[in-house]
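All chains are identified by letter, namely A, B and C, in their written order; residue positions are counted from 1 within each chain.
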Amino acid sequence: MKTTRPPLSLATAAVVGVAFLLLPLAALLDRTPWHALPRLLTSTSALTALRLSIECSLGALALSLAVGVPLAWLLARVEFPGKSLLRAAVTLPLVLPPVVGGVALLLAFGRNGVVPLSLSFTTWGAILAEAFVALPFLVLAVEGALLAVDERYDDVAATLGSNTTRTFFRVTLPLVLPALAAGSALAWARALGEFGATITFAGNLPGSTQTLPLDVYLTLQDNPDAAIALSTLLLALSLMVLVAMRSRWRLTR
Amino acid sequence: MTFDADLRATAGTFAVAVTGRWQPGDVVAVVGPNGAGKSTFLRAIAGLTAATGTLRIGGVDVVDRPVARRGVGWVPQDGALFPHLSALDNVAFGLRGRRGRSAAQLWLDRLGIGDLAGRKPSQLSGGQAQKVALARALAREPSVLLLDEPLAALDVEARTDVRRSLRAHLAEFQGVTMLVTHDAVDVMTLASRVLALDGGAVVQDATVGEVTTAPRTPWLAALMGGNGFYARVNAGTLALDEGGILVAAEAPSSDGAEVLAVVPAHAVTLHRQRPEGSARNVWPATIRDLAVVGGRVRVTLDGTPAVLADVTTASAADLALAEGVGVWASVKATEVTVVVL
Amino acid sequence: MKRRAIAVALLLALGSAGCSGESKPRRTITVFAAASLTDAFTAEAAAYEKQSGVHVRFSFAGSQDLVAQLNQGAPADAVATADTATLGKLTVKLAGASATFARNRLVIVTAPGNPKHIETPADLTRRGIVVVLAEPSVPAGKYATQALQAADVTVHPRSLEDNVRGVLTKVELGEADAGIVYVTDAKAAGAKVGAVALPTSPIATYPAAALDASGQGFVDFLISVAGQRILAQHGFLPPQ
């Protein structure tokens, strides 16, 4: 078997790319105060932020699943006018600057919002902000998988007496489960790391809305060591997601 | 339960209109060239394609009912077993509870694959999967069973095996079976009636015997292993549309009538020299193709008219038949059936 | 050949213009200033440019945020914070002595017309009143905590913003019923907020210092008669 040697220009660019991505992570790990890590990470504020982050990101994931899966089904299976507009709206949070998302949420669901749910400055507000940015990942992954599922299964299930809901839960959903899992992992990781929308819409209050990324940002101003420790923690959580996903990163067939 | 259909269905730009009545126990082979509307018709019965008209099962019109409430069993071309469920769970899908599961096991046993209950579809051979699909459809005891080319995706051995199972269970089945097929063997061994479609309309709805001896289109004649020629009656003979003349023992008297002249393949005899004798129909032809089918030789001939002949292997050897060879084809007038269209 | 020589000459000229360093005063300087100085310093910059021809670019943020950035190497010619303690955390060498150029007091801001009738610090603890403060590491937040402690009142804020202008915005938007900001902030917001006096407010002291010779001119201007007048117009107290 012949080994192909990559052209020099490509190889150089690739090496630069790898360095660009890995160097910051390596620097972070290098500067982490390993001996002080246990103390820094078990401080009350760190544990509170961690607990809150886990709660909010899981809540955001739950919300994304509840809303996102039906939305994906709608986009994949139903024809209706304005469908491309809906798809654009669903994809918007992917490209919108998160802070802009936070401002929009404020104007929509704040105390004087279009729908005055008064969710600003609440933990639910943080969950909503995180769900806002995480939802598109889930919808895109599930929609792609649904489009790939053979419609004949639905046909057969119908002839066997199964109504649409039962067919969805017993036939379609099990078949899209891998994509659903991949989309969920990405969505959760995104929710966990959300900053701009959270701080703008939900504000910053330890125990209620001060998630880990906010904690890192604020702690950096006083106590860089603690901030680095928290950053390493977030990095570890992100790596966990990567390891769990391994090669299953394809969101569409 | 009598099955009455008077359906009009549209699939895209293609329209299908079928009217017919069938009795419980009928196994109807639905045949026709590609694009004739066979699958659309079946899907319309199932409710998977929208249709207008009436669809009466046992006197009850189900045309407005959703798919799940029509009492129709459906086996698509490669079974479409749910890949994430075991064979047993597949069969039990339409049934309820523990009684459903034991009934499902019984069905698998009946089809001779009871020991495969725990296997997933990916672990089954093509033939085994089709049997599971059949069991799954039959388990709900439907009034109408729809089989869309159930043997097409199987290899020869599996096909024979599944056909045997199908024959046994269709014989027991109390409802009406609609079986789409391209295979004459299926028609001969499984079906009691034939519904021939072409261009979205019914061209013949008759018993297998009638379709064999008196098909109404050349395509149908060819399916049943014979020849069909469109022709006009002309002074006691049949002037074929594609050229040539055939003489039939019993020809209708009305000149200008449109008919189909049907000649079974085995009635065409081949000779090296122009034959003497009583055969009224003799013409020269060239061999285009030879195929050995089930111990006989099918010879496709070019000529006026082009014709399909079916001879014994012995004759073929005697005559030294080969592609490109020129021969004489002859048909007795008594072997020409005239079907008035 | 000639073209290349001209190109090289141009590059050298641009390069020398870029890395001028301390040798000669520049036409544009960068000043990091506490968020509460936004309106006053913008006015100061206009007057200073007219007088000296030097254009001032600002970065307004919470004092603690600015100092952290400077410590990590952000380039600036001068810095002005809302308290001396934060400036003390600066690890970068100053180019000149720091000077107090203004003082400030805190005030409670509400929606215009004070519809929820917040008169005293104790009213901030009423059920249903949404209060927003600045984070304790922000000078305004620190001062607010001191003021509330002196008033013997425990407030549970709904959010801790990372600069004092953020507090003001939340009250302006109606997301919060009340917040504690500087008197100058309330004045800058004008009719968009109502103001309630906070008698127990400590006096905030604003120091400024040059980090580079080019910045000294601006610091001197702040203390000059002209500079002081502008600060007074915006509601700041004199440095005394």
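By our rule, a contact is a pair of C-beta atoms (placed from the backbone, for glycine too) under 8 Å apart; a residue touches a chain by one contact, two chains touch by 3 or more.
What you see is a predicted model, and the numbers here were worked out from it, not measured in a lab.
A.B. asks: By mean C-alpha coordinates, which chain is most distant from subunit C?
C.D. replies: Between subunit C and every other chain, the largest centroid distance is to B.
A.B. asks: Point out which chain occupies the most central position, where each centre is the mean of Cα atoms.
C.D. replies: Per-chain C-alpha centroids ranked by distance to the global centroid put A first.
A.B. asks: How many angstrom lie between the centres of subunit A and subunit B, each centre taken as the mean Cα position?
C.D. replies: 55
A.B. asks: Determine the centre-to-centre distance between subunit B and subunit C, using the mean Cα coordinates as centres, and give it in whole Å.
C.D. replies: 89
A.B. asks: With chain centres defined as C-alpha means, what is the inter-centre distance between subunit A and subunit C in Å?
C.D. replies: Taking the mean C-alpha position of each chain, the two centres sit 36 Å apart.
A.B. asks: With touch defined as at the start, can you tell me which subunit C residues reach subunit A in the complex?
C.D. replies: 62, 64-65, 67-68, 130, 132, 135, 137, 157-162, 170, 173-176
A.B. asks: In the complex of these two chains, what residues of subunit B are touching subunit A?
C.D. replies: Touch list, subunit B to subunit A: 46-48, 66-70, 72-74, 76, 80, 82-84, 93-94, 136-137, 140.
A.B. asks: Under the stated contact criterion, what part of subunit A meets subunit B in this complex?
C.D. replies: 150, 152-153, 155-163, 170-171, 174-175
A.B. asks: Subunit C touches which residues of subunit A in the complex?
C.D. replies: Against subunit C, subunit A makes touches at 106, 110-112, 120-121, 199, 202-206, 209-210, 217-218, 220-222.
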